[in-house]
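As written, the chains take the letters A, B, C and D, and residue 1 is the first residue of each chain.
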Amino acid sequence: MAKIAYYPGCSGLGTSVEYDSSTRAVCRALQVDLVDVEDWSCCGSSPAHTVNHVLSAALSARNLAQVEGMGLDQVATPCPSCLTNLRTAAHKMAHQDFRDQVNALLDIPCRTNVETKSVLQVFDEQVDPQLILSKVVNPLTGIKIACYYGCIMNRPPVLMRFDDHENPMAMDRLMCALGAEVLPFPLKVECCGASYGIPRGDIVARLSGKLLDAARRLGADCLVTACPLCQMNLDLRQGQINRALGENFQMPVFYYTQLMGYALGLDRTELGLNKLCVDPHRVLGKIKQPVPVK
Amino acid sequence: MSPQNIRELRIVGFLCNWCSYGGADTAGVGRFVQPTDLRIIRVPCSGRIDPLFIVRAFMNGADGVLVSGCHPRDCHYAEGNFYARRRLEMLKRFLPITGIDNRRFEYTWVSASEGQRWQHVVTEFTRGIHTLGPAPSFNPVSETEWNKLAVQASEGQGCPCHG
Amino acid sequence: MQTFDLTTADQDFIAEVESRSHQNLKTCYQCGNCTAGCPYTFAYDYSVSQIMRLIQAGQKEAVLQSRSLWLCGSCQSCTTRCPNLIDVALVMDVCRHMAREAGYATERAVKVFVDSFLKSVERHGRAYEMGLMVAYMTRSGRIFTDVDLAPTALMRGKLPFKPHPVQGREQVARIFERFRQGGING
Amino acid sequence: MRIGVFICHCGSNIAGTVDCPKVAAKALTYPDVVFSTDTMYACSEPGQDGIIAAVKEQQLDGVVVASCTPRMHEQTFRRAVERAGLNRYMFEMANIREHVSWIGKIMEDNTIKAQELVRMAVEKLRRNRPLIPKRFETVKRVLVIGGGVAGIQAALDCADGGQEVVLIEREQSIGGKMAKLDKTFPTVDCSSCVLGPKMVDIAQHPKITLYACAEVESVGGYVGNFHITIRRKATYVDWNVCNGCGLCLEKCPSHKHPDPFNENLCTAPSINIPFPQAIPKKAAINPQSCLKLTQGKCGICATVCPLKCIDYEQKDELVDVDVGAVIVATGYDLFDWHKYPQYGQGRYPDIITSMQYERLLSASGPTGGQIKRPSDGKEPKNIVFIQCVGSRDRSVDRPYCSGFCCMYTAKQAILTKDHLPDSQSFVFYMDIRSPGKLYDEFTRRAMEEYGAHYVRGRVSMIYPQDDKLLVRGADTLAGTQVEVQADLVVLAVGAEAAAGAAQLGEKLRVCPDQYGFFVESHPKLKPVETNTAGVYLAGACQGPKDIPASVSQGSAAAAKVLGLLSKKELESDPAVARVNQPRCVGCGKCIQTCPFGAIKEVADRFGNPKAEVIDTVCQGCGICTVTCPQGAIQLEHFTDNQILAEVQALCPPKIFANYE
């Protein structure tokens, strides 16, 4: 497979280090050739576009220009928020006026010939499912999981053009292939409260609480996410949620790459399972040990 | 005179009775305002439009000619618009040979219910003709030669549009 | 409740929202689908369809002072499901820009958070969470925000004490600088 | 030639933006124009009288009226000049309303444009010549396509009016959508009690021939003389013999395929009679699921049938009929709600369509009239109805209102309360459209007497929660989001053009509109006519319509047909092609291109081949005229000279003289 530029996003250095490290590990195992975007900077995340679209696009476009400088035409990011920003920037810069305004803010102009994808999309479209199957050593048999995609991985469909925007299946398919029992989670694209955790924790408590509740009603052992913000809201803030709602959720929240790495038998330290706040070991313990085939 | 100073140019439309003429009526009923340059000649079917009519319009100083018929497969006469399409496509290629800028000629399909589309077509076409400005006055090789060509064409010889 | 004077609808405001969002807001027929899908409706003062209606009615003050603008999570549910194909989330974004430009901040905590975040990016080139938290707490005066989480996060190595250096951080800083000089609407 | 010109004001419609007196004055300067005036309403009685008087007083032999589109009043004025003693083709119209006053705002430009259009009409008229129509006899038989309530009504009215009728229905039985309904608004009377007797009348009427399982294969001819080929699809049962006893149905071992009549809520045997009141009541085998026809096994029905009417070898059959007129009544189809992914795309069995709900309500339906939800057969308590699903929605390309779903939803809410007194209905609506007689009272009754909770807003998502469906919508009147924990959700799916309408329209030369419904000749004044003479429309094929409106249109179309066929003879349009035989070299190009086979080869008295047009077959398209390399075949009323005269009126010759 051709080299793909990799944009880890700021949270990969902080709140979601385990997402970053597990993504890299899984990609390595599946022969997805990632090269870090040189000297990448913040894409603007959710705050920038609420202030100004040119500013927000410029913060993203600097990174697209970096990718262009590396001579690559595809960049993958694990984070849906980064994905949205990079894609929106490129999309809007298709209009000359807007592009000129953005480039006026940049040292190095961006030509926007780079395509941004989520790492999930790369797995879904560019990795042979047979390869994944052939590498599974610890099938996830015995656990029931709910896949949660977050609100902006697939929306708006005109921009994201990946998977079904009301009922995405890419992660479900992956988890199924790894042997897990995937439940039909109905709130796959419902918002978790986004970045309001800090200024308006009450909003996150309510919205993320709803997701946890839906997963519990379904009988899920755990939630699986593809977004650092969702994961943080659901996992790190689960205690806050419990206090706010008078609940007692004990729902581990994995990154899908962690479970992939687990099933592929990758080095546990790279998967960062110990970084999760809600202890996942009880759930992992449910996984039936594979019967060695002789 | 620069094109901007000219309020109106001479644009001739050939419209089939069943679809496009009706579409233009629908646009009128809907009060979809359009530029006034265009004058419409009603013919039963786009298949009735002889490319010579169009050539004649240009030779007589038209700045633009617009032809509109029923959508393919919707023709009131089953296949008239297929004939029209073939002939008009040929004409479009033939026009430059006679020294006429073929951007001054366009053919399209508008159905009787598409008043809005008609408004759009007229507005865009008129805008295009205004961008091109008035047609340069015809400067034939010689008048006799032109007459010869015209007669020849009218007899179906040397005019690729027939058939 | 307020009485809106419809005869003095602010046409310039309507035109500005339409031109900055490239949306034809007259096509909104108030079906409420956006409100029905919006997960944040419970926290809004005006629901998103009401915001759309108020824009149509040219009620600039009511819109720009709405707290809803600051609470929209840009989750795209409204945009995705609008039967008239209006990019509603974009309209919310544009109104938020206009509110900010007009100096409103009816959800102050949100504004402070956003400002702190961008400050941190401007300074370091990347978001620096610890710095951001500290800046937010001091500026918002909410010094106890998430203190309960700090130990968990710290223990798991999720809140590094030092910012991550970006060589091109001057480049990023210049983006902000030029932006402030440019007076850009976008 | 002496030409008179009349410029119509149409009140202020034209005079508002065109200086009519000025146009009239200018017209006097055109060649051959001897009289010119402006008039308030040219088409009114005084207007027409004025024209007739002028023809007589001024000895005019040609008239130009500049007014509305010829598609509106050409016939009116042709009759007027005829009354004045002129040939009806010595008349031309200039369209200065639809093409001038209504689309241009500047009086000066409009006036000039109007003048030029009048000049064009004058130049054309100068080259007109009187044309005399030919007369021909009509076939006294009518074809009705589609056996829904509209087609049934049209067929019965035509037959009662004394005409032979051929009714063809694509499905196995007539009845259309109405046959599936439980009760009908606004009277809430039983659908089959109303429709059933009419269906029986169809079967018993001596003047009606019914072909079910049949479709139009091809259409030839023209008004008064259509040649229709009908394809009767193989049913594998000899319908001349089958008496509908139903024994075969009971014994068929392959009875697990979805039953379309019951909207796939239950299954049906491979040999089936769709419902007990079916007309014709005959069995037919479904070739897709029958074991014998797919795998060569079984053959049980053939053994059990007491009348031995099963024929596994049966083939489609083509039947030719000649008719004088055609009524299209092919109805509508329902919007496929799976285009809304937020409603689960079929993952949740308790989200059903309104038509499925009709089957649940119907005593002859799969549940015997008990409302049971599909997932677990339980009686629902909270039922949510969602209106405008696939209507009034640009995002799915259905911006129009389906017209009857507000009403049937109110009906279903009322019936729900009748069936399940403890239930609670919630109706999500955007607007209530109930403009018929006693209609609004009906929807009010659903709310006031039957306690249906109407919520103004759309539903954004539905998802399962425990054993309920969580319906999340908006109440825009309260300005909030609302949620309902529903047991059953019924989608009021909108109407769209019937499958195959486009192909049928092509055969009949009837235009579909942008959504596939057939276009009427004039939205107000010719609502059941089409632009093809002799072809009429009835019912929902022309646009969404409820039963009263469909029935009215069925009768209206029948009245039109009876009017047409009451004439002994029809006049053919004399604007047909004509061959100038000395000029024709007999190359045969016109014969090859004419789409209607209207030109034949004949020999002149020296035995040279020549073309000749068959007047009654020629449709007047003019394709031949453009094809002829000799200019020998000319379409009357649209000859090369006439059209070139129009061109030259607009673009006066510049470099060389007219070489006509």
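Things to note:
Basically, a residue touches a chain if its C-beta (ideal position, glycine included) is under 8 Å from a C-beta of that chain, and two chains touch if they have at least 3 such contacts.
Treat the numbers as computed from the prediction; the structure is a model and nothing was measured.
Compared on C-beta pairs in contact, A-D and C-D come out with C-D as the pair having more. Distance between chain centres (mean CA atoms), subunit A to subunit B: 57 Å. Between subunit C and subunit D the centroid-to-centroid distance comes to 51 Å (mean Cα coordinates, whole Å).
Residue positions of subunit A with contacts to 2 or more other chains are 165-166. Listed for subunit C are residues 42, 77, each touching two or more other chains. Within subunit B, contacts with two or more other chains are made by no residue at all.
Counting only pairs that meet the touch rule, the chains in contact are A-C, A-D, B-D, C-D. Listed in rising order, the residues of subunit D touching subunit C in the complex are 342, 392-396, 430, 456-461, 472-476, 479-482. Interface residues of subunit C, counted against subunit A in their complex, comprise 39-40, 42-43, 71, 73-77, 79-80, 87, 89, 93, 96-97, 100, 107, 109-110, 112-114, 117-118, 121, 125-129, 133, 136, 140, 145-146, 148-149, 152-153, 156-160, 164, 166-169, 171-172, 174-176, 178-179, 182, 184-186. Chain contact summary for the complex, subunit D toward subunit A: residues 341-342, 345, 347, 461, 463-466. The part of subunit C that touches subunit D in the complex is made up of residues 27, 29-38, 41-42, 46-47, 49-50, 77, 81-85. Listing the residues of subunit A that touch subunit D in their complex gives 164-167, 184, 186-187, 214, 217.
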